[in-house]
Structures are given as C-alpha cells and as structure tokens.
Amino acid sequence: MRPSGRKTDQMRKVSFERNFSKHAEGSCLVKFGDTHVLCTASLEDKTPPWLRNTGKGWVTAEYGMLPRATGERMKREAAAGKQGGRTQEIQRLIGRSLRAVIDLQALGERQITLDCDVIQADGGTRTASITGGWIALYDCLKWMESRNMIKVDRVLKDHVAAISCGVFASQPVIDLDYLEDSSAETDANFVMTGAGGIVEIQGTAEGAPFSEEEFTSLMRLAKNGIGELVALQKQAIAG
Amino acid sequence: MRPSGRKTDQMRKVSFERNFSKHAEGSCLVKFGDTHVLCTASLEDKTPPWLRNTGKGWVTAEYGMLPRATGERMKREAAAGKQGGRTQEIQRLIGRSLRAVIDLQALGERQITLDCDVIQADGGTRTASITGGWIALYDCLKWMESRNMIKVDRVLKDHVAAISCGVFASQPVIDLDYLEDSSAETDANFVMTGAGGIVEIQGTAEGAPFSEEEFTSLMRLAKNGIGELVALQKQAIAG
Amino acid sequence: MRPSGRKTDQMRKVSFERNFSKHAEGSCLVKFGDTHVLCTASLEDKTPPWLRNTGKGWVTAEYGMLPRATGERMKREAAAGKQGGRTQEIQRLIGRSLRAVIDLQALGERQITLDCDVIQADGGTRTASITGGWIALYDCLKWMESRNMIKVDRVLKDHVAAISCGVFASQPVIDLDYLEDSSAETDANFVMTGAGGIVEIQGTAEGAPFSEEEFTSLMRLAKNGIGELVALQKQAIAG
Amino acid sequence: MRPSGRKTDQMRKVSFERNFSKHAEGSCLVKFGDTHVLCTASLEDKTPPWLRNTGKGWVTAEYGMLPRATGERMKREAAAGKQGGRTQEIQRLIGRSLRAVIDLQALGERQITLDCDVIQADGGTRTASITGGWIALYDCLKWMESRNMIKVDRVLKDHVAAISCGVFASQPVIDLDYLEDSSAETDANFVMTGAGGIVEIQGTAEGAPFSEEEFTSLMRLAKNGIGELVALQKQAIAG
Amino acid sequence: MRPSGRKTDQMRKVSFERNFSKHAEGSCLVKFGDTHVLCTASLEDKTPPWLRNTGKGWVTAEYGMLPRATGERMKREAAAGKQGGRTQEIQRLIGRSLRAVIDLQALGERQITLDCDVIQADGGTRTASITGGWIALYDCLKWMESRNMIKVDRVLKDHVAAISCGVFASQPVIDLDYLEDSSAETDANFVMTGAGGIVEIQGTAEGAPFSEEEFTSLMRLAKNGIGELVALQKQAIAG
Amino acid sequence: MRPSGRKTDQMRKVSFERNFSKHAEGSCLVKFGDTHVLCTASLEDKTPPWLRNTGKGWVTAEYGMLPRATGERMKREAAAGKQGGRTQEIQRLIGRSLRAVIDLQALGERQITLDCDVIQADGGTRTASITGGWIALYDCLKWMESRNMIKVDRVLKDHVAAISCGVFASQPVIDLDYLEDSSAETDANFVMTGAGGIVEIQGTAEGAPFSEEEFTSLMRLAKNGIGELVALQKQAIAG
C-alpha cells in the first residue's frame, strides 16, 4: 500500500501551466502532485566557445531549489558559494535529455538555457524538470518560429519526458513521492521520447542489489507512464 | 503620464497568497503588479553564535532572483559562486526591516530565516519582499504560538511595510515599475511601521541631485502608500 | 553629553593630506578625528565592457579595511575569499556618490578607480571615504588636465561630501564616532553636493523607529556639516 | 570492427597491483588496458556528523584526474578552484557502489575514504575505479582485521565491479576505450555484485535514442564481463 | 652606478614609527625609503587547533598590498576572491622569521597575528615587513608584560631583521629598490638575528645562474646591513 | 646516525622512468627512494597574455599531491577549493628553476606546462620534481625537434637539478627523507645547473638559527649531490 493511496502504476496528478513567466521566451510551471518546478527557456544569440563557427547551436540546463522547497530548509547554494554535486548531476541530465530531441544544426548558432527551479519539492524534481522543460523549450521554439528564425518541425524531433520508478515495500511503483523515495529499495529514473526510444536510464539500489527482473518491471511501468506524460504534453501544447 | 497609466499616488495591485508553500512554517506569494516574490519563513532551533546563551533569538533574510525573473536572463548566483553586491544589500535591508518590529528577547533562542525569492521582477522587488515577508513572518509566529512556543503579541510589535517612490518625468510618483525605475531621476525606498514610524530610508539621485522639497514630497507619498499596504496586510491575516 | 565632549553640531577635526601616495594619479589621506582613510585614484585607459564605443567613461570605487583598523582584529577579506556584504554596500555607495558630480561623457572612454582603504576606524569610514575620495578624484583629474586629456571644469561638475548624523542619548548629533555609532538609536548618512543638492540619503532605525521630525533635524545638521566639509575641500585644493 | 581489434565481448587486459602505496591502509593500481587508476583506501577514526553516535561507519570516494592523464591537458581542478560536475558525478557513483557491499553497522564508527586518481585515461575510468577500489577497500579491511578492529566477513558482504558497454558502429560491445567511447551511439555503465545483483545502471543515448532490446543486449554483455572481473578480483586477493 | 646614487653597501633611509595604530596591541609604520609598510600585532586569547592543550602559543603573519601601492594598480585580492601565490609565500616567510626568535612555550596559549600591509611599495616589502614586524611584536609583548601576562625577556629571544641583496649591473648591492629589483641578475633575501644567526636565506637567479662567490659577497653585505637594522631597532625601542 | 642508515653524503636511490605517460609530449616518473613524482610536460600552442607578440614562449609548472601520498590523508585541494600556500610556493619554484635553463626566445610563442604530481611522498618532493621535471622537459623538446619546431640545443641551455640538505642530529646530511625532514634543525634546498651555477637557494632554520659555516657545509654537500644527479640525468637521456 502506497502512503498516498495511489495504485502501483498510478502517477500523481500532472499539470502544465504555460507562459507562467512574463519575460521568458518559453516557460511552464509543471506540477507532479506537490512537486512544483518552474521551467523557463531563455534564448541567447551566441553559442558556447567550442561551437563557434560550426553553424550549430546548443541547449543547456541549470537546476536549483529554493532553500525552503524542502521539509527542512537547505543552505542556499549562492550563499554557500557553489552548486552541490547533486545539483550538477541533475542539470547535466536535464540538458542531455532535451538535447536528445533537438537538431542542433537546424537550431543554428544560438543557445537556449532551460532554468528549472524547484518551488516546492515532494520527490521527482528531475523528472518533472525534464517533462516540463520540454514544454518551455517547445514554446521558446514557437516564439522563434513566429519571428522566422527557425522551423519548429526541423529543430524539435520528438517529445521527451521522464518518470521515476522504484521498488517500494517490495512492489514496483511509478512516480515516487518523497515518502516513498526516502525509503525505496531501488530507485530508477527513465527518460524516453514520444516514439518510445530510451534516452537515459539511471537505476540505483538504495539497499540490497536488485535483479534484472525487477529492473524490467520498472522499465515497463516507466514506458506506460511516459506514454501518458507525452499525451499530456500534447494536450498542453494543443491548448 | 506614467507608462502604466497609473496616477502619481496610485500603487500597483497588491495581493498576498498565504501558505503558498507546503513545507515552510510561514509563507506568502506577494505580488506588486508583475513583481512576484515568494517569501518563506523557516524556523530553526538555534541562534547565530554571537547570541548563544543570551536568551535572544534572531531574524534574518536571504534574497535571490530566479535567473529569468528579468527581461534578460541573469547569471545564476549559485553558478557564479557568489552573491552579488546588490543581493547582499537587499537581504541585509530585509533583515533589518523585519527585526525592527520583533522583540528578539521574547522570541527566545531561535532563528527565523526569511527567504525572499523573486519569481518575476518588474521593479520594487525589495519593497515587495519586506511587505510580503512580514506576512510570512506573522504566519510563522502563529505556527509557533499554536505549539505554545511563544505569544505572537509579545514577539511581534507592529506591522512593517515598504514602498518605493521616485521622481519620474519631473513628477513624484509611488511604486515604480521597471520602466519607471530605469529612467527615474530620483529613487527612494521607505520602510515604515504600522504606527507610522520610519524604519529605513534610502534615497538616491540617479541623475541630478534632488532637493529637500522633492524628498519631502516622496516621503509624503510613501506614508500614504505604506498606510494602504498595512491595511492590506491586516485584511490578509484576517482572511 | 557626547562621549567626546563635542557639541551636538560639532564635527571632529577633519584634515586632508594630498599626494600621500607616490604612485597614484591622485591620492589623499583623509582624517575625521581618529578615522583615517587612504583614498587613491587610479586612471586606466579602458572602460567597463558595457560602455565600450559609447564615448563614455566610468568612475568606480573599492573599499577595504586593514584587519586591525578596528578595536578587535577582523578577518582579512582576501584570506576569507570574498568581500562581505557591508564592504560591497559601502563601495557601491562611494562609487554612486562620486559619479553624481562627474560628466562621464566629458571624461571620455577611461576608468578612474577610487580605492578607499581604512587605516584606522572610529566611525564614519564611509563618509570620510566619499569626502576624501573627492579630493583624490580632483587631483587625478588635474593630473589628466596637465596632460591635455580633459578639462577639469567640464568633467567635474561640483563638490560632493558626506556626513553621518544620528540620534544619540535622545539628541540629534553630527559625525558620530564609534562609541556613539554603536549605541545610537538612529543613524543616517547624507551625501550632498557643493550646491546643496542631495545625492544619497540612508537612514536606519537601530532601535525604535524614528519620526519624520527627527529625520528632518538630522538632515538640517547634515546640511550644515556638509557645507563645512565642502569649504574644507576648497581650502585643501587651494593649498 | 573495433579500433583495437577486440571482439565485441572482449574486455581489455585487466590487472591489479596491490599495495602500490606505502602509506595507505589499502591500495591498488588498477589497469583496464591503457586506463590506469590508483585507488587508495584511507581509514579515519571518525564518521561524518550525521552518523555520530549511531554506531555506523561510512565509506566515501573522491575522484580526480591528473591534468595530463588525457590526450589534451585539462585544467587542474585545484587551480580552477572547484571540482567539475563530471568529477562529482563519478565520485558519488563510486561511493554508492562500494557502500552497496558494506555493512556500515559492522564497520563501526569509522570512515574509509577511497581516492581514485586517474594516472592515465583511455575510457572507462569510473568502471576501473570501482573495480580497483574494491581491492583497495578489501585490503584496508584486512588491515583492520589484523588489528582486531573488525571481521572482514561481517563488514564486506560481496564483491562489486563495474564495466561499460555501448553500441559502437551499430554493434553492442563491452569495455569501451576512448576511441569507441567518443563515437559510441549509446553508452551504459553497469555496477554489479559478485552474486549478480545490480547495484547501478546508467545508460545514455549519445545520438539517437536506443531501444529496450539494445539495452538488454548491453546488460547481457555487462553481466558476463562483470563475472570475469569478479573472478580476477578473487585471483588478485588470493595472490 | 645605482639609479638612486646610493653606494653598493648603502641601505635606504630606514625609520620606524611606533604606535601608529590606536587599536593594535603593537604597531609600527616602517619605511625603507619609499617602501612603507604598516605592521600591527594583534593578540588573541586562543591558539590554532593543533596547539590546544599544549601550553604553547603561536605567532603568525598576514601580508597584503593596497591596490595602488604599486606603479600600476593591482587587482584587490579580496575582490579577486583569493590571495595570490606571492602573497602566501611572503606571509609564510614573515611568520617563520618572527617565530624564530619567540619562545612559544613562554608565550602561553595565545596567538599573535602580525598584519603587514604595504601602503606604498618600492622594492623590499618583505624585508621591511619582517624588520618592522619585529617592532610591532615587541610592543605587543610589552603591552602583555604591563598586564602581567608574560615576561618579555623570556618570550623574545633576540632581534630579527631582514634585507635584500642582489647583483645589479654586475655589482653586489644591498637593499634593492624597485628599479634595481626589476632588472637585477640575482636577488636574495636574508633574515638574521641580532646575534648574527641565519634564520632564512632565499636566493634566486633572475637571469643567468650565479656562483658561490657571488652568493658569499651578497651574504657579507647582508650581515652588515642587518647589523645596522638591529641597531636601528634598538634605538627605536629605546625611544 | 641517519634513520635510513645512509652516510651523511649519501643520496637515496634515484631513478627516472621516461615515457611513463602515453599522452604527454614528455613524461618521467622520478623516484628519490620512496618519494615518487610523476612529471609530465604538455605543449600548448599559445603563451600567457603578457608574452603575446613578443616571440617568446613560457615554461610553467603546477604541483599537486595525491591525497594519500602522505602518512595521513590530506584534504584534496580540488575539494577544498584552492591550492594551499605550500603548493603555490613549490610550483613557483619548479617553474623558475626550469626556466633558468631555457631560452624562451628560441622556444618561440608556445607554452610548456610541467605537471609534477606526487604519487608517494617521503621528503624531498620539490627537489625530485625539479630533477625529474628536467627529464620530462627534455623529452618534450625532443618531441618538438622531431617535428622541426625547434632545435633542442638552442632552447635548452643546460641541465638543472635540485637536492635538499639539512642539519640532522647536529650533522650536515644530504637528501633528507621524511623522518629526517620533520626533525631537522635546518633545512635547505639547492637548485643548480650542470655547469655548477646556482639557480635557487632556500635555507630555513627550523629551530635555532644557523651559522654561515653550517650553511657553507650544506652547500658543499649539495654541489656534490647535484653533480651526481646531473650524471644520472645524462645516463637517463642517453638510454
């Protein structure tokens, strides 16, 4: 029995609030239950040094948590003077995941930065960031298309979304909230495209090692969940 | 004529959304027009080293801006590895302003940290932070009172609120938005209590120096505006 | 009664020692009683990036305290690895104050950096820095004029000087020393031009909030004091 | 055809040189072909703050690369003033992997730090670090056992080893060297125990997304390879 | 011929201004010609962690340069966020040199920090710092003696002073100023006690290597010069 | 009697393993007994900013210690966020020493960086770094010569090597190991060329000051030792 009463294959309520920010070229407040992440996409007319004069652009991500997004206040990273290892790991993952569905050549020599800032955390902040980040990225590309800078269809190859699955109380479950996450035996994050291709898999045994069978059942849950998330993304951008 | 069409003594629409955060002991999303700041109050059961064994507590503040809260994306301070001078100036001001209405002895040996994070900026982020911070602080003290830790009436001595005034297009106006702020000749921030006492005044000539008369007219505008803000705070906590 | 025996409207003995430094284009050791600040003006043949190709120059300031300028040794900021919030606040204030009397266009694409280093502190280091910094800046501009780089009269529009006033033992007094400053009820810094225009006002209630009347009496003291400081600056550069 | 001429399921020559370091409680120079990593295990008689008085110990890891371990010299992280995101990701992975086979309670309130320093890099530094780190950890525990501090059998629950697999030139291959790694379509790292349990899986599509079938074939390769690595570890500690 | 017209064995005019600082337990403004260094000695009632409960005290030094102490303005180390290698080298040297004449046991569990801040530089700042630092240290110890904390004679074993010598225009000369220092072929710093014992020697070939004979002639110059410096120290503390 | 049983003028066994690294243009694992340092020379096709367009090149060095190179694990400098004072002192010394035998004009506008990383420490790491660094530098220059970039004979003017000497148990001894180094009364490092010229001398009294006679006897030991080291360098590059 899950603490939230959800079924093992039941995700939390997911919502996307587009154009949350007045200034950004694209933005989305994504909610996976009580996990709320503000994703903004910022266009800059320059690329990183290593891409200059290649005709290619870049998509990158930064991740942060407001100090009291969590149950206990965490030290503000800006005050601490550096981003922690977890922050860097997550923002690298978000960037890789979104680049997987972008044609950098078709984007041209520009950079889009996705800022994913966790307003409130309840587990799954990285998967919400990727899933909501895709919406912000889409809206940024639409903004560019309306100014004849690119064609969205040529730059954006597919949807991408992410979900966590884990073994909680000996059962494979999807979309772990904080309570589940902190006592799960195994925890895996899956990033997949709309076409069902795998972009990234990260599975970790928190306690005892897990078996290939367990892992396969987590992947099955993830596939279904990501299918639902992609359907929700489609609704959101249709709206 | 103000860009927004407001009258010279007309503030933007101000709103307070209490309990915005699930985790914090007190929280408030404050909006001054398009300026949106999330204020959370976090209680910790310890004081800074210099207050140990004095029986006194402490109230402090930290301030941050999401990178794309502004028209152009700003570098993330956590990635830059330090908080800029402007950030430090503002968070010191917020802390001083809130401490002005707190009896630190009555608070006891505890620390409350106000995090003021700007979700969207359109001028006046520091005044919104102070005004909304007071609500978050109030709710945190109520939370403590409900656990018999303190009496709110003994700890919280008064309201405190803040507003900016400035000379724009040769006219004294209240509550400058970004467009006004970036071309104002003079810019002043006022922090006052519910009883009308002055807590902090900061006036700066952006272009030509200003006269005592101009300053006096700004202070008059501020007094009225802060009166209105305190009335709105009272409504908010009554709600 | 003031600890120093001074009258309420009596400043400490103020002196300027020009050309204190062999190397700087302009320099001044300014003393406000036991507060001693070395101000040097350094000319560089470049502007900050945001002014390139605008024809405009820049005047900026940095502030520091020797570790044992104070009663107890403070940690050296270079060893601590960063400048504290107070340092940044003060150096931003000094820079703004001096720029208020400079025509940046007439200065041309150059930068003058004022370094204000406190050799000994006894209250009022920021006001001494601004007042003495003006002398160093003047001498730097004279140095430039003698090399036909600029006309001082076109670049330097007026004098600028600063003084602190506060309510000490229930009485408004001028030019607080450390003893007064650390127990003042209210503390305000005023920056004004030779023509009497206000450049910056910063007033803070250290204890109870203050009234508009109190503030007005502080401003009156400041006006007179700054008048005297400007007269002393005139004598110093006449010498 | 692989650049090295290896078969798709053929790992590079793996060797372990135990007691490479005179000072460390356990140490091992591990080679996966031209990838050479020095692993040292250092015992300290204290735990991290969050474990004090719990009776539990801790195993952690740090990872570094000599600046010229790679084809082009990389900036020294100590000179740059911080550890990069990749470094932090890898050292967190090494720590988690080794803790997966340690009974922290049986270790007692002590910390063992594994330093994995890459002397020469040719792909697979993180998998070599985990595999060789296990040897260093084993020798450190033996050192402790010889001083009656612990029983190795109670603290060390199993072997742990790691290998990378990827799709190179459309074929699943094991143990990618640098040439393969930099042009692989898919890249996955597997960490498993001697008993075949999965500790960590990290799979990333470098180009196009990959399918579940591809992933399954990589996992099969990994299982066999890790079986071989565990056999080599057994030989090494038998020696 | 030396640029300054000095003879090869002639030092610059050396002066010590004791009690330069109102706050420090000991202080001295030392001048070696145009090189001016403010040395303050600050007593703290604690030792570094590694000396706790040993009964021993510690003497340490920090060194800094005001940004415009030199011909061209240097970046402020506090703003740069770290002390450079040269700064650290010099402050370590000053600390070692002064500790060489202190009985740390007789000092007791206290720390004295010598801050040597270069107000104006013209070569030889480290030798002036050591020589003037000894005066500040002496006065700090006298201050302690007058409070019955120590006996100066038991703590301070001897004088210590320092001088640079170098080969300039093929001739061994003493006390190099900036002009000489920047074109000297060889540059050596000597630290010696009043009794003539050598505390530290640092010799560097700036251009071609030097011979033992050259080095011996530099040491002879240094011995005489340090003899003079010690005589001047004796006069200064007699005053 | 020395702890190692060596005679007073007997160095430890010294060996050079050339081409230790697959990637670097030149590399050498140098051993002075149990002190093992990996030196790599990396060629970059650029100079530091201050040498641009001068036709001159640069040779610089960086120094590091693996955390467990020593008896007790030291904090990793990359994790600490900065290089300590000792590290900076040593790497500056290595750079100066190697530049003393290089014709920077003949090198051309290129930079060679020597990385000296201590794999295992037992005293004398800086002298081993210089002595082995020369080999790595030589091999880098040979690599360049084979590509017709330079002539080794025109760039490399001489050998350079270094040794420590000290007074241990009242006797002058050469090449101190850790045991001797930590209890030596006097400790001096000598850097000399193949022709016997002195490049650098650093002598420090660890306890009581030393006399000129003692220093002279240390220098005599050093001369002989460096003669032997240069002979070993010649053998190594002949091999």
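First chain written, first letter: the chains are A, B, C, D, E and F, and each begins at residue 1.
To be clear about the criterion, contacts are C-beta pairs under 8 Å (C-beta built on N, C-alpha and C of every residue); 3 or more make two chains touch, one makes a residue touch a chain.
This structure is a prediction, so every number in the text was calculated from the model and none was measured.
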*Any chains in contact with both subunit A and subunit F?*
D
*asked:* Hopping along touching chains only, can you work out the least number of steps from subunit B to subunit F?
replied: 3
*Using each chain's Cα centroid, which is most distant from the centroid of subunit B?*
F
*Compared with subunit C, which chain's mean CA position is the farthest off?*
D
*Report the inter-chain centroid distance for subunit B and subunit E in whole angstrom, where each centroid is the mean of the CA atoms.*
50
*asked:* Taking the mean of the CA coordinates per chain, how far is subunit B from subunit C in Å?
replied: 28
*Could you say which residues in subunit C touch two or more other chains, in rising order?*
81-82
*asked:* What order do the chains sit in around the ring if I start at subunit A and move toward subunit B?
replied: A, B, C, E, F, D
*Please give the residue numbers of subunit A that touch subunit D in the complex, ascending.*
82, 84-86, 88-89, 91-92, 96, 100, 188, 192-193, 195-205, 208-212, 215, 219
_Using the touch definition from the top, list the residues of subunit C that touch subunit E in their complex._
21-24, 27, 34, 38, 40, 42, 44, 62, 64, 66-71, 73, 76-83, 87, 113, 115, 117, 119-120, 122
